[in-house]
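In the two complexes below, subunit A is the common chain; its partner is subunit B in one and subunit C in the other.
Coming up: the complex of A and B.
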């Protein structure tokens, strides 16, 4: 199907506009992080400048060192992602293969827990954590992130396991494998891509969280997004540092997301849509 | 003594192994049940207990001084919610925000997906560039948005000045609402593109050729061939985004925090304010349960749709 030249030019122009729309804010943030304070808040935008590492250096030296925040973010995100993926893989396989009666209700429970409004969940969780002494601790934050990552992992892994024909495991069973061996040596290797996608998406969801961290975390457990918003004060905003933190928060997640691009549709639609 | 202690788990493991496939010695829980047990247990703790607590809170006045204490107040909180014009105004704003973001995201996402579906060379890198906003933490989207529309040095504000708009975008109720809507659109339209594109690539090319042979123009093809065949997938996209639209409120929190003059105070923000600024946890619980009801209704639709799809294939 060939379209007229004019239409194709128009299409290309529209696509260029789309790409500019999605990319310009991120490029501008990246550029801002390498600008001096005067350049980053110049009334006329500065497009050409000599890049400086000043903002990053200031972030990791001096009074408000970012390193503890970075550490908290990494521990909370990786911790909840690993636990969610391990438990979710086991649970998801169980959910996919079980023939129990309440299967439909059980899976509905998983998905509604995943989708529960954060504002509604954090309210009772805050009280529970207060009673249990988990407020402002990293285990508390990991648990809070598990409240959405675990049901996500179970649900999505179950969708991935649904794509593995059970007949393969049945023949393994006939050949003398235990149910565990059939799971471990047959079903699991075939779902490796799903496993990686699940882990990466859990990592992104937890790393990007702001709502839970603002309530559950405190001085001993604050994460990067909190550190970023704390730079916004009544007296003014240090946009140089802010764009630098933004870059540190965003860059690893973009790389991780792109790495699992092929399975992203499945992951983000909770298994409702399968990609090419 | 130590021998029996180590024996017990081993014996249990043996029972589990045997129960999976052997119908004669079938245990009540079974192999799949044991696999689900840790997730169900942990999630029960993180979901059922909070739900019960939330319901209890909604009938109580919660005191935080010297531990946590609940004082039964009956239906007071619920009655207050029904007669609270401020809360209903928030629900109105939520619906507006919801329709605005979802409407624009669906239309724009579909349009972009249609454009990209015609690209044959370099589609991979193109998709990467289009998808980028999706991975950005919503709080950073909000902060970045603030930086871009700052009246003195924002890049987008500078552009807008070129077009004759010189005001403070986030300082005016109308433009502030528009701005937070567009920030959400920026972040989540790529998801719709991704989903719609998966639908478009699954449309059978021979159907498209047949339509072209029958002399259908591109608009007619889109309306009568393409849209009907991807309507299921678009509905999935819509439902997923609806549930997320109730979930996320980070962008608004870090940009306007509900202002100016409550113009962007959607329900989750009001809940946060009620619960964590005024510490009126009982009333906040009522708002939370209202939000939860909305999510569960949408989730029901989503699951029904999913099961319908499974039944067809």
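Coming up: the complex of A and C.
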């Protein structure tokens, strides 16, 4: 059934407004990163300018060279996402396929660990990490992100595996597959959208994290969000470099999102379709 | 968090930790060659300058330095956790007098241990070379004579004004206002208000004055100048409390008539200021001045370099106006100290860094740094011909253009010192929240002061255990 023209126009206008609301700040940030200091701090908005790489050059050659921060961010975010996705997939599959009493409660308990504000867990986590010698180390940071990402990965992957009919794996078992082969060759490929969604969401959380990094990291493990705060100084904000860091932080996540958008959309909507 | 921190703090720093030289030799600067230390600092101009060029220190000492610079709240959080852990991830600590020194001074080493030790390189010029009010305010706590930190930066609020506009309109203003409008310590806050109102009527700038009246620490800073100049204060013996510090400051004095009068005046001043004032902190005011939105403002003097780059030759500086009692210029400086938990070669190397970073030579280099600046905390530096020359235009060190104004502001009778008490952060929040409600027209000046005093008394009554 076709919707009335007015309704479609209204819908398109609403969508356009949302896109503008979302995209304009990002475009403004991107533009700011290519402006000179005078242009970026000008009280009148500067729309036309000769692009300069000055802010990026300063970021990678200045007092606080960004390279180690970037490396730490990549290692901590990718490392924790990969581990969370692998373990979350195995845990989620087990949770989905195991018949046991209190399974729903167990599943809820997993996700409930995500409900605590980071501020509430960061102090005990710091003290434990201190005892274990994990403060100011990349493994420590990966572990800290896992504490939040793993329960989420288990819970979301469990929901995805619930959407895969067990009869398919049973057929594979009848055809001679081992349980592992049934999981690897049947259930896992059918949950590709879930895998991608989980990995991307874990990556975004770890990549953008400031709360854990500000407490757990140190001179040897500081990440990009920490570098961004260093540009807010006692005597002003270096907006040029800040927009450049913002671009460096945002761009990989946008590119990752675009690269996997097909699976991401499927993954995000799977629960809605299956009524999960 | 504070409780946990405080509880474990004392046990962790009970015994002095004697530095063990990593290397021996004739040069005392090379005693700890090969050591590696971590420095934590707020994102300040001197730290930016030092971080940009650590080579001189490394060449001098052979010590590797890792600098972590953070915004102040994140720094306080990390320092508190670090001290609570009983180890020293950070050896050198940027010790804000109100948020680090006052609450956590037991976690800092007494620097006399190093200053009096002849095996270390001597502190050039001795403690007497530091501006005395700064050394007391940023370096000490209590009556014990301990030196927990050496003055490292010294932002102080002064009157910043568009000298070009004052020069252009001086005669007209004098004729219309009935007094010489030239900014200086002889001007009163009432005159400041009249000058601001006068500028509201000219075309050159939209508004005469701007204020950092956002619901933020900046509002307390801006208001305090007026409070003290009107004879009000936060606690009894406020100046002494600001210099020495205490954990038991007594009853809050904001209910007193002088404080209420100051609040009433401040409300009237902000009411004629640029409307953006209610959303500005110090950075907002600085930006507004440079953007030609206001003709004058009280602000931290370290904005001079930025002012000079945008409005070369157009901004001048003077001590803040006086009230019925005095002229008061709030001090926002900080020292650097050493974690009491730092041990072995790192402890000794940390002292070498503190000694070097606060030395006149390094402070002069910071002034010259393209990424730094700041303001020297050493008297001797202000006597150098190079520094003296920079106090006048054309100036190679633009922050030195404020030297006369801040020099006057740092005198004992003009300096404005917040209460150096461990619970100041909470008191500050109580105060700026009530002031903000007053500025929004939600309560009278008297109610604002009474409510702030009630809240502060409750906070202080809870006490502080460290």
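Everything that follows uses one rule, which is that the second predicted complex is superposed on the first by the 236 of 276 C-alpha atoms of A that agree within 3 Å, B and C clash if a C-alpha of one lies under 4 Å from a C-alpha of the other, contacts with A are read in each partner's own complex, and residues count from 1 in each chain.
As a convention for this text, contacts are C-beta pairs under 8 Å (C-beta built on N, C-alpha and C of every residue); 3 or more make two chains touch, one makes a residue touch a chain.
Predicted model, so just to flag it, every value in this text is computed and none were measured.
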Item to check | subunit A as common anchor, with subunit B and subunit C clashing or fitting | outcome: clash
Checklist entry - So, does A:167 touch the first partner subunit B, the second partner subunit C, both, or neither? => result neither
Next on the checklist: By the touch definition at the top of the document, which applies to A:41: first (subunit B), second (subunit C), both, or neither?
Outcome noted: both
Item to check | Partner chain in contact with A:136 - subunit B first, subunit C second, else both or neither | outcome: second
Checklist entry - Any idea whether subunit B or subunit C touches more of subunit A? => result B
Checklist entry - Which partner does A:235 reach: the first (subunit B), the second (subunit C), both, or neither? => result second
Checklist entry - In the superposed arrangement, which partner chain does A:105 touch: subunit B (first), subunit C (second), both, or neither? => result neither
Checklist entry - For A:219, is the partner it touches subunit B (first), subunit C (second), both, or none of the two (neither)? => result second
Checklist entry - Thinking of the overlay built on chain A, is A:25 touched by subunit B (first), by subunit C (second), by both, or by neither? => result first
Checklist entry - Stretches 80-88, 242-250, 278-286 or 296-304 of subunit B: which one clashes with subunit C? => result 278-286
Checklist outcome for this item: After superposition on chain A, the subunit A residues reached by both subunit B and subunit C are 41, 43, 123, 126-127, 130, 214-215, 229, 232, 237
Checklist entry - Okay, in this complex, where on subunit B does subunit A touch? => result 17, 20-21, 30-36, 38-40, 42-43, 46-47, 49-51, 53-54, 57, 62, 64, 67-68, 112, 115-116, 118-119, 126-140, 143-148, 152-153, 155, 158, 186, 190-191, 194-195, 198-199, 201, 208, 212, 233, 236-237, 240, 243-244, 246-250, 253-254, 267-268, 271-272, 275-276, 281, 284-285, 287-289, 291-292, 295-296, 298-300, 302-303, 305-307, 309
Checklist outcome for this item: The residues of subunit C that touch subunit A in their complex are 1, 4, 38, 42-45, 48-49, 51-53, 66-71, 74, 77-78, 81, 84-85, 87, 89, 153, 155, 283, 286-287, 291, 293, 300, 302-303, 305-306, 371, 373
Next on the checklist: Per the contact definition, I'd like the list of subunit A residues that touch subunit C in the complex.
Outcome noted: 41, 43, 62-64, 123, 126-127, 130, 135-136, 214-215, 218-220, 222, 226, 229-237
Checklist outcome for this item: Listed in rising order, the residues of subunit A that touch subunit B in the complex are 1, 3, 11, 14-15, 18-19, 21-26, 28-29, 32, 40-45, 87-88, 90-91, 93-95, 97-100, 104, 106-113, 115-121, 123-128, 130-131, 143, 146-147, 150-151, 154, 173, 178-180, 183, 204, 207-211, 214-215, 225, 228-229, 232, 237, 239, 242-243, 246, 249-250, 253-254, 256-258, 261, 264-265, 268-276
